[in-house]
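You will see two complexes here that share subunit A, one where it goes with subunit B and one where it goes with subunit C.
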Partner chain A sequence: MPLAYLSDYSWDDVIPIPQDDGGENPLALIAYHDDYKIATGYLRAVMSIEEVSDRALQLTSDLIFMNPAHYTVWAYRARLLFALKKDLEEELIWVEEVSRQFLKNYQIWNHREVIVDKYDNPIRELPFIEEMLELDSKNYHVWSYRQWLVRRFDLWVTELAYTDHMIQDDVRNNSAWNHRFFAVFGKGEDVGQSVIDDEIDYAKSAILKAPQNASAWNYLIGLLKRGERPMSDIEKFCNDLAAVQTTEHAVNVDNDRISSARALEVLADIYNSRNEVDKAAQAWTLLAEKYDPIRENYWKFKKSQAIQRLAATA
Partner chain B sequence: MHPRVHRAVFRSRAGSRTSNSSILISSTTSVDTASRTKKNPRTRRPISTNSNTGVAVAMTAEQNNVHNAAVSVVDSLITESSTSQDDVVRLCAGLILDGQLPHLQRQLHADFLTIPMSFQLPPNYTGLDASKPWLVYWPLQALGILDPDSLTDDILSRIGPSIMACLNETEGAFGGGNGQTSHLAATYACLNALAIAQDEDVWLQINRERLYKWLMSVKRPDGGFSMHVGGEEDVRAVYCALASAALLNIITPELTEGTAEWISRCQTYEGGIGGAPDNEAHGGYAFCGLAALCILGNPIEMIPKHLDVDNLVRWLSARQYQPEGGFSGRTNKLVDGCYSWWVGGCWSILEGALSWITAKDVLWSKADLQKYILCCCQSPRGGLRDKPGKSSDFYHSCYVLSGLSEAQHRYSFSPKLRDSSTGKWSFMWAYKLELPDVVIVDEQNTVRPINPVHVLPAGTGERMHDFYAALGALEL
Partner chain C sequence: MFALDRHASFFQHSLRMLPHHYTQTDTTRLALVFFCVSALDLLGYLPVGNRQCSSKSKITKIDVDHWREWVYSTCLLPTRDAFRCSPATAVPQSTSSQHNDQIDYDVGHTAGTYFALCTLIILRDDLSRLDRAGMMRWLQKCQRPDGSFAAGVLQSKNSAAGSDDNCEQKFGERDLRFGYCAAATRWLIGGDLLARKNVVADISIHQVFGYIRSCISYDGGIAMSPYTEGHAGGTYCGVGTLRLLSQGNINKVLGDAVVGDIIRWSIMNQVYAEIEQEAESEDEYHSEPASFSSSESPLLRGPVVDRPAGFSGRSNKAPDTCYSFWIGGTLEMLEIPGSLNRGSLWLSDIRASVMFLLTLTQNPIIGGFSKIAGTHPDILHSYLGIAALAMCAETIRQSGGPEKFVKAPAELDVVASILPLQPLDGALCISTSAKQYAEELRSKWENE
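The block that comes next holds the complex of A and B.
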């Protein structure tokens, strides 16, 4: 009989509730496989009385493997685990199996958070997160789960080293850079000036490896702002990367030697902050015409904004 | 040439900058310094989308106001990110034809989009069984701006029952399918689908008092919202809660207390907005955060009050890639058609609300986005897609077409459209079709305007809101 729900438990006493898709001719009907249709019929039945039982737990396992995006099943499963006082480490091991099969699924991570919070022990977490990030190094939900974990269990000490490892792997991994910013500033405490100095050096050396890398640049500029350092601190660094020679009113770029359009952008901001608007305008024009032309409108806007500001103050 | 593919020649901008053409040509051959100094035998080279066409490249691209030339400065260092980036540029290069834009394959896409109204979806859609309201909303929104005539009375009349099957009566909120737990994203998609249905009988079946209480039950003390009771807290949840409440005219100070401040905490050092405080800046969340601010109050005041606009604009501007023309969702990630809306929608809101930003021109290239959409996002089987090599789906069809609409229109926030009592802010958006000398618009390619806060065909959400407003205030 193919229409039975195959389970270790007896379901004879339960009358499955069929799915009501609405009206006689509903939109977006899905031609489910029979096993899914049957299992969700039992799910609706046990959920309608909020049954707490091992068979219901088994049902959620089966359904998650058929559709891991079924958030209702995950939430029910968490309630069952707690009500039945199940071994939560066993659950974490099971979730790891599911995660390996469904890499992109994100309901898993909310569930894991709920379980680990209750389990009150992060021992399995960092190795497992690392395994997942080896497979998908920019997975948004894994990184945000890691942030939650670090905060929840005060795991700050390992984080700089870990982001360094990920950044060594791929200096353009922006998720790793974002996590590094979190690792430095996330505690909300005052970080010392020496930490800011170290991070500025770190970002600069990463930029030298790939001078167009926006992740490292965003990090560097973010650091300067957060550390209340003037942008002019990196003027010489930018001059070298943009191969810029300046006179009092002119900006010249050596077209054969420029290695970073972003350096030129930062220089424009520095000139502008010093009210050297004609120099800033030349840098923006170079960006618009030559080094970052798809953002032409943006560079023109920056230029006209600066000129307007100058006219207003004159 | 394939007989189905008609081609529209770009309209050139009069007197465009011919002096730049030599620069663009030389930029494709310029040598990056790093590649000369490194001994790495495998180094990256600039890739132009014109490299395989062999025509007078830069000149034509320049006249067409699109940027098909390679980026002139390229790092030689190869990493996982750069390898996948180079692969995408090569894929797009094969599809971007110099000087020409393919037409929007309207009928092909409409046929694809009406599949959920005509057939059962195959079993591999089971993974979307907890997203049934979205499976209804995505194709409706796409058809609503592509081909509203295809939304027949028969289809419109079937929306109500299909959506109401997801309702949890005691909570007044909707789940991702029949009998599923109430969920903010599902509730948002259901109400948007009902807005498109324009069915007052169904609108009267919504119990707004209950839904309001449920919304308050997923509100968090820090000002954010959880997707469902016990679920994840993120800026999508905030947007879905507020957009739903705005449509139903049940926004109160109690519901919105602390929420703008919570959104503000989601803006990162990069300038974009993450899913929650400290998370990475992301195009989808940036839209949700900005749109939510447009519901919370007058966007002209709310956006600069709660966000660092300069940093946001800089980050948004960096989302558009050359030579592909499309948007990426995060720094160093690949272009993806759905960000045509998520990032493009941010632009439409900023352009509309902050006139000092765009007094003269927009801040990004509308022509290049249309190039990416028309050349790279149209699937030969119908429907729109993430990028070449991916299959089309309803989600991407919805947000790629919404992005195309955004690239063809100019939105403006117009508080004079109606009186400005609480809860009406997101229904004061006016629009006009962009002039053809600014953006390549071919009649056969045009899609209809949308409400940029609610992502609904213009007028539908407005009428739904007015319907509830006319019923009078709730006893809450």
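The block that comes next holds the complex of A and C.
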């Protein structure tokens, strides 16, 4: 079946321009399908004079379905849409079709941003983003686009609830946690200590659900830093999760009850910040030898760094 | 075992002809060419420089000359100040025009320019055909006020002729990738030297630094743009940009604490091939923590067996071949103040990382590496797998040899099999011998 740009329009007046692959023995030559070869021949012809026409627009549609990463086609298409004063909602509907087919593409979302900015109406956006996140809940392009949208149309109010919904769905969805951080702090205003308290509680309860979950831990530590709170605020929390009991110089971990290596890491940092280097060293040794051996070199490095610093100050 | 010759054959085939499913990479063909050429360099198959070339290589100096000419003839713009990213985006100049503000779609691309320059440097070209000052002016046009870079600039044919520049329009996504390409381009053409001699103005370095700082995520990684998620690709691009623009002094720009956070985040992304997740129950989510302390902790019961472990690109994601490079390259570039070791890649588990690539994603039959185990190899993952192994090989050489990196005698041959790989420069992602050649060009320009 011929592509729409060929079946719906006449191209008799256009001389296709073949691709110059650099003579004999071209490098990384791609065995294009004939459809693609013919379409790009017409594309070069209309682009060289920047033809503004419906047939050129249709050609970009057909080409994008063959190669959605073709960045100059997208640029040309945007110019055509505006010059021909096309219905931008129709364009958004068309882009949705492309998005569903090519989940990992960069250009689609950049184009959507250009169109929605001009359209100046976010009505289709949140439902469509949700549909896309149902297909891939960690799609980087989609989450980035959502951030742009929230800023552009001042849509902050619903975001915290949305991240909660996504986190309940999958507590290890780092993209959702990141979006939560954006929802809380992204506006750039002072959020107040009570908001930070609430978020700390939120992160803690998520950690209790899955104590090894790096996303919730990163969020918790990120909050403490952002709120300029000392790490020792969560010492007791960490003691419970790492099943740690300490004496003046010793760290004892109950091997049957420890559930989080990160808790032990945070404790080591807390000890180290209090210059209790021997305790920190024991915690790092336990991580290296027992609880996180893949990072043995790193934990040993942390330990030797702290010991060196102590020696230098002594 | 590292299937060196199979990989060499994979890249030589790819350099000639690719199956049609590569059509989606049609407009970035120079990236594919760079991956193939640089891989062959790391595998010791290129007859360039003073190095002994593999006796099995049939690549001749005539081939090398042809490849160099091909890059120029298909991708350099007539203005000689930028490269396209593929012959596919070339649009012939037309004399007839339909309207006044007609856009010239035959544009330079920052990534294309970076890939072209790296390829030419590997092939020992002297870059004398370029308008290097013009390239610096083009890079300035690509830079946005926030410090980030666009992929390129579209302009009307009138303004290209110099009458006005009202119709300039930057294109491409707003993230850290193009800034990295711009920083590498500036270094490779000696743009900093031209700026120092007042031949041409420099890009705004402080704006670049500010933008990268604004992309540092609360988790310690660097995001593709401010407030988006910490990502190994963004982290590599951010750190690489800083490395290339700060004469290697990243710690001075970011501070030791932030560098420490990035190292930690990178190291934490080394994960076992099968992610083992603790059981969680949805309905426990809002339950009281009291029940927790008595719960089981199966993950932390005893030492984990010596399984392969690659790198993931974000927290809680599965490992993938390319992140062995994005994270490995990041660590290779980040120095630890006061440490005698180069970089910080040695902090990772090199053995587990090599085993991940060699036993899980390498295709020892047709050559190449796939993204994840059990899928077809592709050029990007194949190159980045080899680049990652080249850095591991250098760490092994510098830290006392393969014996120190194995846990069983049977592994010795496997780990040692990567040692013939040429050393790689993490910041530019080319062999250190190619980088040395670029340095020679730079000192020649400096003394001109």
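Miscellaneous remarks
Basically, the second predicted complex is superposed on the first by the 308 of 314 C-alpha atoms of A that agree within 3 Å, B and C clash if a C-alpha of one lies under 4 Å from a C-alpha of the other, contacts with A are read in each partner's own complex, and residues count from 1 in each chain.
We adopt the following convention: a residue touches a chain if its C-beta (ideal position, glycine included) is under 8 Å from a C-beta of that chain, and two chains touch if they have at least 3 such contacts.
The structure presented is a predicted model; accordingly, all values stated were derived computationally and were not measured.
Partners subunit B and subunit C clash in the overlay (superposition on subunit A).
With both structures placed on the common chain, the touch criterion links A:Val244 to neither subunit B nor subunit C. With both structures placed on the common chain, the touch criterion links A:Ser137 to subunit B but leaves subunit C unconnected. Of the two partner chains placed by superposition, subunit B and subunit C are both touched by A:Ala261. By the touch criterion defined above, A:Ser205 reaches subunit C but does not reach subunit B.
In the superposed model, A:Ile108 lies in contact with neither subunit B nor subunit C. Contact with both subunit B and subunit C is seen for A:Tyr32 once the two complexes are overlaid on the shared chain. Of the two partner chains, both subunit B and subunit C are touched by A:Asn67. By the touch criterion defined above, A:Val14 reaches neither subunit B nor subunit C.
Common to the subunit B and subunit C interfaces on subunit A are residues 17, 19-23, 25-33, 36, 40, 44, 47-48, 66-72, 75, 110, 138, 140, 143-144, 147, 171-175, 178, 181-182, 186, 209-215, 218-219, 221-223, 225-226, 243, 255-261, 289-291, 293-298, 301. Touching subunit B in their complex are the following residues of subunit A: 17, 19-33, 36, 40, 43-44, 47-48, 66-72, 75, 78, 110, 113-114, 137-138, 140, 143-144, 147, 169-175, 177-179, 181-182, 186, 209-215, 218-219, 221-223, 225-226, 243, 255-261, 289-298, 300-301, 304. For subunit C in complex with subunit A, the touching residues are 14-20, 22-29, 32-33, 36, 66-67, 70-71, 73-74, 87-94, 96-99, 102-103, 105, 107, 109, 151, 154, 171-173, 217-220, 223-225, 227-231, 264, 267-268, 270-272, 277-278, 280, 282, 284-286, 289, 292-293, 295, 297, 299-304, 309, 314-317, 336, 338, 346-349, 352. Across the complex, subunit A meets subunit C through its residues 17, 19-23, 25-33, 36, 40, 44, 47-52, 66-72, 75-76, 79, 106-107, 109-110, 138, 140, 143-144, 147, 168, 171-175, 178, 181-182, 185-186, 204-206, 208-215, 218-219, 221-223, 225-226, 240, 243, 255-261, 289-291, 293-298, 301, 305, 308.
Listing the residues of subunit B that touch subunit A in their complex gives 17, 20, 23-24, 26-27, 30-34, 67, 69, 71-75, 77, 79-82, 116-117, 120-123, 125-132, 135-136, 155, 158-166, 175-181, 183, 227-232, 268-271, 274-276, 278-282, 313-315, 317-318, 320-323, 325, 330-333, 357-358, 360-365, 368.
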